[in-house]
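Across the two complexes that follow, chain A remains constant while its partner is chain B and subsequently chain C.
Up next, the complex of A and B:
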């Protein structure tokens, strides 16, 4: 059942215009951070969003929690369109950088109690403190943490605080924007396990944004792959990793370090850089870096049903009937 | 906290020794002689020598310094050559006036700067921001003496709202009488505070924790008051600290024009009259005040910002 739905959502950022641009009446350059995205998040699932820097995944996260408004389309929560951050706090966000996302001048307790007080105005000070302590306990932090300031905590502890903070209003969806990319590998695992446990225990829906394929594979039920503001592939996690069907997804898989890979075995990483995000392309946005590009790729590509489940935005992706040929797509690509 | 205060007070000792020795040496090379200044050009050589002996100015420099130290120890800080009064009394009479002026003008400065800085930061890059910036640059560029005269001409003489100068009795009367001098000093304080606060506010608005606060669902005004403004005001503390240390000795022009009996005016008079003990006493007083203001700034900073450790 759909809990959160992006319905044809676009978010464009105009570039800074210089005086010369205005005088010469150049059309304003527009960065299409998120471009006609249709995506639905089911209740209770963990949906991963993966892609390179600049593909629009953070913008998507900010659209989801209402920190930014969509230029076109709508974000629907439980069927109703959202305008700004949800007043009932049903959708909460964990930010990427645990060092800068906590107000340095408030104790952890004050940070949490501020949220509790905001959503439950009738609680007494003692009840608020108890609620904040309970939030800390849920993320595995001792109650004494409440008296500390953010600078006294490690990155992992801070990210736990961020999660505790996000859980305070008892949200139905947690949007985690690269919550572990600023942390050490061992601490990353702890935070990932914490999210997994939360999802299993409380059934909370998680929108998990990352550029780390391994983490995504470990945590998510379904994955959306984004490229230059568009979803290029959307599939259950096993299908996506076993049979990536969009060339870009396959390229991302190749970029994952693999300890079992033999020396000398060819490795096809993605070549080139992302094209200028200001340039407007009607056809496949990935074509400029795709090894299989053909003239036909210059026509607009649609998300279509993919073999083995999910959706893919590439006319070359095998149709449903030919799914069997594609089972060893990795060797095909090399 | 206590350790910090003790440390700072201990630090005062070498600072004071350095400053008194320096002021002794500088007064020595200063052209002009208090005795000649006091007796006039027609005094005979014998009279001058007698006067010099009377004031102890014939003694070797190190002996004069020791005498000065003794006067410091007894609390008089020497006797003014011209007022014939203990220096400590002269200074203590004027110190409250100067401190009141510093406090008053800082309050006025803050009251002016806060709304403008907030408005400029919220409307950054737009017309209001540009106008506010121009206004405060203009204020900073205006010479205080000129501003004093304009205010006296307009507000005092033409409109009769304020007296042209001097002190009254009682707090309320003095708030009224000191308003114009405090305004002149406060306007440039406002300009300094506005510029730094606007910049800090704009920086803070971009901070991630502000996004966190918005994502919590707090209203825009709650986010601004609790998370942006409160964090930005820390930078204002240090601006005020620097400014107050400057005001204590640096408002000579304003004090003179408005006939406010403060320390700055006393210093200028003492220098003109070559009143050595008063100059020395004031130097010591300024040094102590500057160290104290710095200490207070640090304490305020530590109270406001948990990350600032007191060391």
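Up next, the complex of A and C:
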């Protein structure tokens, strides 16, 4: 069932050693971009990773495709630990910016054929062309697109090409890192529909990274919420949105601008900003912004089973869920 | 009387590809203390519209080719000599840009930057200006403001930087703040804080805001009225609640149904087919007609239709669809 597994994966980036570090003979500060993450992606599902900048979601995406190596733990594909990018191309990545991720000097056809040739060296030129054409067809682009250069395409078309390129090796998993964030709403909808259709038609597994809660809710089966390098909540999409159990998840949802909301409507806003990512926090990393924080939150928090399904990293979670439903409707504003 | 009255504004940008009419006959009023939203997708002319108000084109070869921009008591800003306009910028009309890092001088401490704005327009000593800067940081809820006065821009987070930019915009108690995508570069929880701050300061000082955004959710959260822009023109205006709850123009409707929402979950979204119109050679008739599922013959000929009132019961709600009256 599990196709891709993060098993206790950490990726830490040391800061540049400062003069003070050298004088005091201490090691440089370390940014825990991804810290002891356990996560399984099931075959055929679309798993969303959501969080704000600096939460580690992009590092997690790079770990998944092998662009980054884990410092600790392992990333397993179909039960086998991966060492760097998969030589068979079974995991492919779609990047955020379709402008900078396509070579401006290559036609779309040449660009796609190059990818096909890389993974299938035995194919003839005609077969390569056919494979590239098939990839274009799967993303809903006309065959003539092969003769065009990236600059001749709109933002939406370019993002389709990026997806076509990722599909060329016939991967089992697409890792999409903010694939619609650079696009206008009308175009964004095309790409979301395309990913949804690919998932329904071909059963491809998608790891979908985004900061946009609405898009995540629309597209994903399950969602992991990340904060400062850790997964703080993991749940089926409806449970997560209907009964968020981690205070950060709840605050994140409250903060999303919503066209159904009235002007200036009061609600429980999250105060503060993400703390210094270099600070070593052993307890709950969200405690500095959490209005429910208590001394006990300074001890390490574990991901435990949550009421209604999924996992949550907060010892107060089950009773808190009931409390936040009462308070979010009125009063108690920060 | 309105604080700002823009009539038939036309702004042209000259480039190697020809002359683009980024703003093509836009009219609107903004009242004192009001938050007026301009919403649209990239290239629709929303930024060009608000930049035209104070002729801040950032080095682009642009000029106002027609229309007027009347600010209560200051005459027509569209024809005012640059020297006089410079006095109005900052004092009467302040600007907040999307990226707070480029709006701040990286080589100057925060306190000095805010104080400099005050000193440029008011007769105050350096010490007084610093005291005003401190109070402004308090007003925008910067924590430990005394310490932040001596901080450099690069030491602050994105949210704090945008608070500083807002403090600078508020420094001279302007009557109007133009905020161009002020929260687009920020995370949602910080965006939420900044939007609340704008609402609060606007209510406390009576300053009006023109908020430019691509995000209809942001409009819903803080704008009193909104204009939907497409191809250099306003296609619909009205109170935010009315426009979002009962949109009339096909473009507004299309934009709303392209957004993922609770109701659309599990269903395919409705993207808008085609591409936005060229501003150098716009299509005849309604700019949206080539992409509009309802477009008829009349929509594709003649000058683009103006904003029209279609409902006596909603005198603020106007749209530029020729077919709206017919239906």
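Heads up, the rule we're going with is that the second predicted complex is superposed on the first by the 309 of 334 C-alpha atoms of A that agree within 3 Å, B and C clash if a C-alpha of one lies under 4 Å from a C-alpha of the other, contacts with A are read in each partner's own complex, and residues count from 1 in each chain.
As a working rule, a residue touches a chain if its C-beta (ideal position, glycine included) is under 8 Å from a C-beta of that chain, and two chains touch if they have at least 3 such contacts.
These figures come from a predicted structure and were not determined experimentally.
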*With both structures lined up on chain A, is it a clash or a fit for chain B and chain C?*
fit
_I'd like to know which partner A:186 touches here: chain B for first, chain C for second, both or neither._
second
*In the superposed arrangement, does chain B or chain C reach more residues of chain A?*
C
*Would you check which partner chain A:13 touches, where first means chain B only, second means chain C only, and both and neither mean what they say?*
neither
*Touching A:315, do we find chain B (first), chain C (second), both, or neither?*
neither
*Should A:93 be classified as contacting the first partner (chain B), the second (chain C), both, or neither?*
first
*Superposed model, angle subtended at chain A by chain C and chain B (C-alpha, nearest 10 degrees)*: 70
*Where does A:256 make contact in the superposed view: on chain B (first), on chain C (second), on both, or on neither?*
second
*For A:102, select first, second, both or neither according to whether it touches chain B, chain C, the two together, or no partner.*
first
*asked:* Let me test your reading of the model: by the given contact rule, A:211 touches which partner, first (chain B), second (chain C), both or neither?
replied: second
*Rounded to a whole Å, what is the shortest Cα gap between chain B and chain C in the overlaid structures?*
10
*asked:* Output the chain A positions appearing in both contact lists, the one against chain B and the one against chain C.
replied: none
*chain B - residues contacting chain A, complex*: 207-209, 211-218, 226-227, 230-231, 234, 304-307
*asked:* Can you tell me which positions in chain C touch chain A when the two form their complex?
replied: 41-42, 157, 159-160, 187-193, 195-196, 199, 214-224, 240-241, 244, 254-256, 258-262, 264-265, 268-272, 275
*Enumerate the contact residues on chain A facing chain C in the complex.*
52-53, 154, 184-190, 192-193, 196-197, 211, 213-215, 217-219, 251-252, 254-265, 269-271, 273-274
*Considering the complex alone, what residue numbers of chain A touch chain B?*
65, 67, 85-87, 89, 92-93, 95, 97, 100-105, 107, 114-115, 118-119, 149, 151, 162, 165, 169
